[in-house]
Each structure stands twice: as C-alpha cells, then as structure tokens.
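Below you'll find a set of structures to go through.
Next come two complexes built around chain A: one with chain B, the other with chain C.
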Partner chain A sequence: MTFSERMLKIDRRIIFAVIGVCTLLPLLYPVGLPIKISPEVRGVYDYMEALPERSVFLLSIDFDPASKPELHPQAIALLRHAFRKNFRVVAMTLWVSGTGMADQLLTQVAQEMGKEKGKDYVFLGWSPGGTAVIINMGQDLYQSFPSDYSGNPTKGQPVLDGVQSLKDVNYAISLAAGNPGVEAWYVFGKDKYKFELGGGCTGVIAPGLYPLLRSGQINGLIGGLRGAAEYESLIGKKGRAVAGMDAQSATHMAIIMLVIICNLFYFSQRRASKQQHQIG
Partner chain B sequence: MIFLRRQVPLLITMITGLVFAAQYYIPHPASEQVLTSATKWLQIIGGFALVLGVTSLFHQHAAKIRRKEAGWGYSLVLYAGMLGTIAMGLWANGKESIDGAATAFGWIYNFMMVPLQGTMFAILAFFIASAAYRSFRARSREAAVLLIAAVIVMMGRVPLGEYLIPISGDLSQWILNVLNASVRRAILIGVSLGAIALSFKIIFGVERSYLGGGKE
Partner chain C sequence: MDATVIGAWVATGLTLFIFSFLYKDNPLFKLAEHLYVGVSVGYTIVKAYDTVIVHLIVKPIFEQGEIALFVPVAIGMLMLTRYVPKAAWLSRYAFAFIVGVGSGLAIPRTISSFILKQIEDTVRPLLSIAGGDGVIFSMNLLNPASNLNAIIILIGVSSVLFYFFFSIEHSGPGKVVARTGVLFLMIAFGAAFGYTVMARMSLLIGRLTDLIEFSDTSYGRPTLWLLILTVGVLVVLSRRKPQSEPPDLH
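And then the complex of A and B:
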C-alpha cells in the first residue's frame, strides 16, 4: 500500500480528534474576529427598527432542542431587540418538542428586560395540526389558542389588544429547523393573510430558503450561527453566537484543509496507478 | 361494502378538494367561515393523529419485544422512556415548571431530552468532516465544480475565511443568491407543478393508492 493510499484510509478517529481540537481551542481562547453583516440579516433588523412601539411581533419558535446551538441565540437576540423596541411579543411553536425550551427562553429574556407577562408578552404554546394552526390563526387567533401556555384565557390579555387574527400582526418571524417552518408560514400565512414575514433557520436549510428571500416572499433571513452572530452584533449585545463563531471558523478551515489534503492524495494515487498501468 | 370503502371516500375527497380549492378565491364571510371550521377540524384530527401515532409505535415495539427480535432491548428502553415521560407529564399536568420550580416532567425535558438531542446534532460535525475527507473528491469536472463552490461558501460563511480571502464573502453570497436560488426555484416550480397534477389526480379519483389495498 502506497503512502497516498494509507493516508486516504486514515483512521477516522484522527479526523474526529482534529475537529474536537478545532472546536474546543477557540472556545477556550477566543480570538473575536470581526463579523461582516449580510444584507439578509440586515433586512430583518432594519424592518424591526422601523416598526413603531407596541407593534405586534409574532415569533414562531419552530425548532426542538437538537437545533438549540444555532437557533437559540437567534431567538434570544430577536427577543432582546423586540423587547428593547417595546413591541408586544406573541410567541408560539409549531414543534411540540420545542415547547418547554421556547417557554424558558421567552421567560428568561422577558425577565432580563423587565417585561410583564400578559401585558408585554404572551406564550401561546403549541397546538396540534401543523400548518392548519397557521390557517386557523389567520382566521381567528382565539380559536387556535383559547388559552396561553400557562392556561390563562388569551382573550382579554392586554398584549393581544386589537389582535383578532394574523392580519393584525405587524411582523412575524419563524425560526425553523425544518418543516413546518418558514416555508409553511409563507404558504399558509403571509400569502393569504398579508403580514410581513422574516425567517431564521439552521445553516443546513438556509440555502433552500434563498428563493423566498430573492422573490421578497420573506424580507430577511438569519441563517445559522453566523446569522445569529450578525444579529447579536447589530443589536450590540454579543452572546453565545459571537463566541461560537471562532470555533465555527476553525472547524470550517479544518474541513477545507481535510478536503484539500484528501484530493492531493487522491490525485497522487491516481497518477501513480496511471503510471503503473503504462509500465504494465 | 364497496360503495362505503371506495365510492364514499372518493366522493368526499372530490367534494372537499374542489370546495377548498375554490374557497381560496372566494373572499366572502361565509366562505371564510367554512375555512375556519375546516381548519378547526384539522387541528382536532391532528390531535387524534398524535394518539394514533403513539399507539402504533407502542404496538410495533411491543411486537418486537414479544418476538425478541434483534435490538429488542432498545424497544424496552423506548417503552420505559415513553411510559415514564407520559406518567410524569400527567402527574405534572403537562407543566415543565410550577412557580419557577422544575417539575419531574421538566427535569426529564431539561436534563434528558435537551442534552440527548443536542448531542445527536453535535456529532454531525464529526461525521461530516470524516465523510468529506473520504468522499469529497474531484473525480469528474462536475464534482470539481461542486467542490470549489463548497470550499468558497465554507470560507465565505465564517469570519476567518473572510479575513484570509476577503472576496470569499461576496463570492459566497453570489453563489447562494444567484446560482443556488435559481436552481432551487427551478426545482420548486417542478415540484409544485407535480403536486398540482397529483392533487387533480386525487380529486378526480385517478390516483387511489391513499385508499389502501384492501379487498374489494
């Protein structure tokens, strides 16, 4: 077996170790490289900035704990921004396994910003039906969620004053790790009930949402940890996403290096086998 | 019996399909009321579907345990996990916390489900790196193009990449916004046209596989 062949069949535990080191070291010794703001993230930020106080902001936390590292920082940054702008925050989830996490993160940010439940924010929780919930909310919000997650009746809560359906929402953002998520909110929500929609998603599904962004079906997109870090930079409150960007930089670079090395060995092996074939 | 098994479901499908396709274009309050009621039904059916799903899962794994099939131990773990969680959930009235204090159900969620799901997702990075090293090779011209695009996007999406090669950020944006978006849109249009065609086939009873393959 040639050196190239041996290198191409390298023990995968060595690769795991490289990735482990590239993730851990920057977390222990952060560098803090500057983060460039992309137009899609700025689209969300600028729209939120332009909205007046007490606007109704709907945040659909459509992910479960598996996507927490990427989408939790996005949710925290968006909620901080919304509360700072004094919006009325209506949060909910279309993913049953994300309900507890969504409640915790909303309560945590609301407490940090000194906001009052029922007056400044409400967590509607989860309701069965997937995309049907969106249509039902578009028809009558109180039919989909007669009570909030804490069991209090939604009708009569000051935070929902003047809100009858999705048509009364000023801005909605779905933070999605899959389906139902941003696309469902566009197809079953924005398209019919005409409210402005933004999106946030994991890095894996971000490329799939670019057609919606380019056609103006969503007015901005926060993609993955990078998007969260950009949003944290925009609101001037750096958190976990910015801290994680160094680790992501290092792992991306490690994977690029691994791909380049593997291709070098691949071509060297191919050339060697060609030469052998010619001699033979 | 054939009438109840075949004709009635086909008739219901055809009527509801046509009614709700037309409903979208009729902004009359009566039409909106029909949609409100139908979506409420959908939500109720969704709730029952959840019960049906859990029952089916239990049934499947019970059979595995009974027959002592390969990996039956995992089914036992699934049973213990599900029954334990359901019991704790009922005991805590579905609440993860009461007055700020975590319930047993909340404890299961916070200290079992959250870390387990997080771990599953986190190990992806290791497997992606390993898979990239083993199979991301420029074997053909097309593979080489894919490889170069991937490297550019990976560089452009992290601050270190933009710092080392400043143009990588703009190039990555261009790849995502122009090349990726246009190809995705083409795929989306194709899929949507296919979905419309399939919907027509279901509405008019040409496609009947959803009725199941029972004896007539």
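And then the complex of A and C:
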C-alpha cells in the first residue's frame, strides 16, 4: 500500500482529533485576530443607532437550545444595544422549545443593564400557530398574547404604551434557526404590515436569506457566530462570539488544509494507478 | 447544591457522552441521545399544554366568559375523531378548514414575497442614471447593487433556468449556457456548504467553551471528572468481550 493510499484510508478519528485540537487551542490561548465588519451586519447596527429613544424594538427569538452557540451571542449583543439605546424591548418566540432559554437570556441582559420588567421590556412568550401568530399580531397584539410569559396581562403595561399591533413596531428582528423565522416574518409580517425588519440566523440558513437582503426585503443580516462577533465588536462589548473567532479561523484553516492534502493524495494515487496500467 | 452547579455537571456530562460517539457508538451516547429526545418532547408538551389549554382556552372561557372560543375548540376537537373509526370522517372538516385558511393566507403572500419581489430584483437596470449628465456603469463587485453584479445575476439566473429546461437538447450554444448554469450552481452549493461547515464548527466552539468554563473549581471541575469517567467507561467497554451471536435455530 502506497503512502497516499494509507493517508486516504486514515482513521476518521484522527481527523476528529485534529479538528478538536485546532478548536481547543485558540480557545485556551486566544491571539485576537481582527474582525472585519460586513455591510449586512452594519445594516442592522446603523438602523438601530438611527432610531430615537423609547422606540419599540421587537425581538423574535426563533430558535431553541440546539442553535444556542450561534444565536445566543447575537441575541445578547442585540439586547445590550437595544437597552443601551433605551428602546422598549418586546421579546417573543415562535419556537415553543426555546421559551425558557429566551426568558432566561432576556432577564439576564435586562438585569445587567438595570432595566425594569413591564416598563422597559416584556417577554410575551410563545403562542401557537407559527406564521398565524404573526398575522394575528399584525391585527391585534393583545389577542395573540393576552398575557406575558409571567402571566401578567399585556394590556396596560407601560412598555406597550401606544402599541396595538405590528404596525406600531419601529424595528423587528427575527433570530432564526429555521422555519418559522426570518422568511415568515417577512412574508406574513413586514410585507403586509409595513414595519422595518432585520434578520439574524444560523450559518446553515444564511445563504438562503441573502436574496432577501439584496432585494431590500430585510435591511440587514447577522449570519452565524461570525455575525455575532461583528455585532459584539460594533457595540464595543466583546463576548463569547469574539472569543470564538480565533477558533473558527483555525478550524477553517485546518479544513482547507485537509481538503488540499486529500486532493493531492487522490491525484497522486490516480496518477500512480494510470502509470501501473500503462506498464501492465 | 446550587442549581447552576448541578446544571454545569449535567451539561458537561451530556456533552461528553454525546462526543463519545466520535470514538464509537456506546451506551453513554445512547443514554444522552434518549434523554435529549425525551426531555425536549416532554418540555414541548408541558409548554404547549400550559400555553394553549390553560392560558388560551380554559382561563379566557371560564374566567373572562369568552364563549366564542368554543368554535375553534370544537374545530380542534374534530381532529381527535381520527381515533374513532366510525366518526373519523368528521376530522375532514377540521383539515379542510386548516388547508383552506392556510393556503389562502400563504399563496398570495408567498407569490408576492418570493416570486414577484425576487423577479423585480433580478431585472434591475444594467446602467445607472447619474444626475442629469448621463448614464454610468459601476464595476464594484463588493457592492451588491452595482451594475456589474446586476449583469452577473442576470446571467446566473438565465443560465440556471436554462439548465433545468429539459425540452431541448443541451448542445451547441445551448451546452455553453447550460455549463454556465452548472458553474453558478456549483458556486452556490460551495457557498452553502462553506456556511454549513462554519455553523457546525460554531456549535463545536460553543460546547468546548462551556467545557472550558466548567473545568473551573467553582463548579467542582465537572469537565475533568466526567472526562475521566467517560474515557474509563469507553476503555472498559472496548476491553469487554463481544457477546456471541445467538444460535441460528432454523
């Protein structure tokens, strides 16, 4: 067996170990590689910056703990920005399995920023129906969510003063790991009720959302952990996403190297077998 | 013991048990996998019951007297007739209602959002008007709205659509167009795969970040102890003799 044949039949656990080491080392010994801000992430940041104080900011936390590593840092960075700008934050989720996590992250950031529940923010929780909830909220928010996650009636809460439906929302962002998510918020929300919409998503669904970004259907897109790191850099409060960027770069380099090496071995093996055929 | 510490031990243990599958399938992985499925289904059922049955049906009807809610409840109950063979036909009314309303809501909105808006974006002007002086052609590849990108998108959309047009043979100039379409498709698949790799690596980074955090003494070093436990169990399992196959009785 030639060297290239041996390499192409290498135990896959060795590759797992290489990727594991490439991820672990930069996390233990970060080097702080620079982070370039992309226009799509800046689109969300600039729009938030331009809004006046006490604007109504709707954050739909449409993911569950399975996508936490990518979307949790995005949610934290966006909430920090919104609270720093003194927006009225209305949070909710279209994913029932993400309800507890969404409540925990909102409470954590609100406490950190010294915000008051009911006055500065409210967590509406989850309501059944998926996309129908968005349509219902566009007609009457209080019909979809008669009470918030804690069981308090939503009507009369100072944070929702003057908010009757989605038409009264100044800016909405859906942090999505799938469907219902950004697309549903555009199709059944923005397109019908005409409020501005931004998006945040996992890396897997990001390529599918770029057409919406280019056509202006959403005004910005925070994609994956990298997008979260960019947003953390923009608000000047670095967190878990920025800390993970060195590891992300290292693993990408490792994967590129593995792809190149495997191709080299493959072509060398093919050339050797061709030569053998010619001799035979 | 503090709930955070218990949470750290559970999260660390389950992460390591799941990662143990990278070595080979084993009972620790099965335990974590079954727990994941069971806990997530249980959580969903409890949350759905609390939100839907208690807060959106029982309380409004019996505390606020919203008797109109009996109509959607009745439609919903019709679905349960599927379990009674003689009355199963009644469920068709509920399904008909859902399909009808769902299609009515989704079809016009989807056509507007995903077809008309996207076509509008694809057929952008290939030249831009600059003030009153004349027309310009912007060549910036990094600007999605540049004229050069408008041409690239037009070529990409047309060639990919042609590639999926099977009524004529892809030969001569048609072959060139179809090949161009394949090239665009490959670039799109590559970009999607690159993003997928990035997403999967992000998940690994997230779990490893937690494992590093939970190796701290304030949590009682769960990462260290549970790693030793996991490796120990894997060693014991790999040394255990494989059970002999049951005898074939036929």
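Note that in this section the second predicted complex is superposed on the first by the 280 of 280 C-alpha atoms of A that agree within 3 Å, B and C clash if a C-alpha of one lies under 4 Å from a C-alpha of the other, contacts with A are read in each partner's own complex, and residues count from 1 in each chain.
Simple rule for what comes next: a residue touches a chain if its C-beta (ideal position, glycine included) is under 8 Å from a C-beta of that chain, and two chains touch if they have at least 3 such contacts.
Worth saying up front: this structure is predicted, and the values here are computed from it rather than measured.
S.K.: Once chain A of both complexes is superposed, is A:N136 in touch with chain B (first), chain C (second), both, or neither?
M.R.: After superposition on chain A, A:N136 lies in contact with chain B alone.
S.K.: With both complexes superposed on chain A, which partner does A:K68 reach: first (chain B), second (chain C), both or neither?
M.R.: Once the two structures are laid over each other on A, A:K68 reaches both partners.
S.K.: Figure out whether A:T23 sits in contact with chain B (first) or chain C (second), or with both, or with neither.
M.R.: Both partners, chain B and chain C.
S.K.: According to the stated criteria, A:G244 is in contact with first (chain B), second (chain C), both, or neither; which is it?
M.R.: Only chain C; A:G244 stays clear of chain B.
S.K.: Is it chain B or chain C that touches the larger share of residues in chain A?
M.R.: B
S.K.: Check whether A:M101 is in contact with chain B, with chain C, with both or with neither, and answer first, second, both or neither.
M.R.: After superposition on chain A, A:M101 lies in contact with chain B alone.
S.K.: After the superposition on A, what does A:L258 contact: first (chain B), second (chain C), both or neither?
M.R.: A:L258 contacts chain B only, not chain C.
S.K.: Check the residue A:S127 against both partner chains and state whether it touches chain B (first), chain C (second), both, or neither.
M.R.: Both partners, chain B and chain C.
S.K.: For A:S147, using the defined touch cut-off, is the partner it touches chain B, chain C, both, or neither? Pick first, second, both or neither.
M.R.: Second partner only, chain C.
S.K.: Could you give the residue numbers on chain A that contact chain B in one complex and chain C in the other?
M.R.: 16, 19-20, 23, 64, 68-69, 96-97, 100, 127-128, 132, 135, 192, 203, 206-208, 211, 213-215, 224, 226, 248, 251-252, 255
S.K.: Quick check on the complex: what are the chain A residues that touch chain C?
M.R.: Touching chain C: residues 13, 16, 19-20, 23-24, 27-28, 64, 68-70, 96-97, 99-100, 125-128, 131-132, 135, 146-147, 151, 183, 186-188, 191-192, 202-204, 206-208, 211, 213-217, 223-226, 240, 243-244, 247-248, 251-252, 255 of chain A.
S.K.: Once bound in the complex, which stretches of chain C touch chain A?
M.R.: 22-23, 40, 43-44, 47-48, 51-52, 55-56, 60, 105-106, 109-110, 112-114, 117-118, 120-121, 144-145, 188, 191-192, 195-199, 201-209, 212
S.K.: Which residues of chain B touch chain A once you look at their complex with the stated criterion?
M.R.: On the chain B side, the touching residues are 24, 32, 35-36, 39-40, 42-47, 49-50, 96, 106, 109-110, 113-114, 117-118, 120-122, 125-126, 128-130, 132-134, 136-138, 147, 150-151, 154-155, 157-163, 169, 173, 176-177, 180-181, 184-185, 188.
S.K.: For chain A, which residues count as touching chain B in their complex?
M.R.: Its residues touching chain B are 8, 10, 12, 15-16, 18-20, 23, 33-36, 38-39, 64-69, 96-97, 100-101, 103-104, 127-130, 132-133, 135-136, 139-140, 143-144, 192, 203, 206-208, 210-211, 213-215, 224, 226, 245-246, 248-256, 258-263, 266-267.
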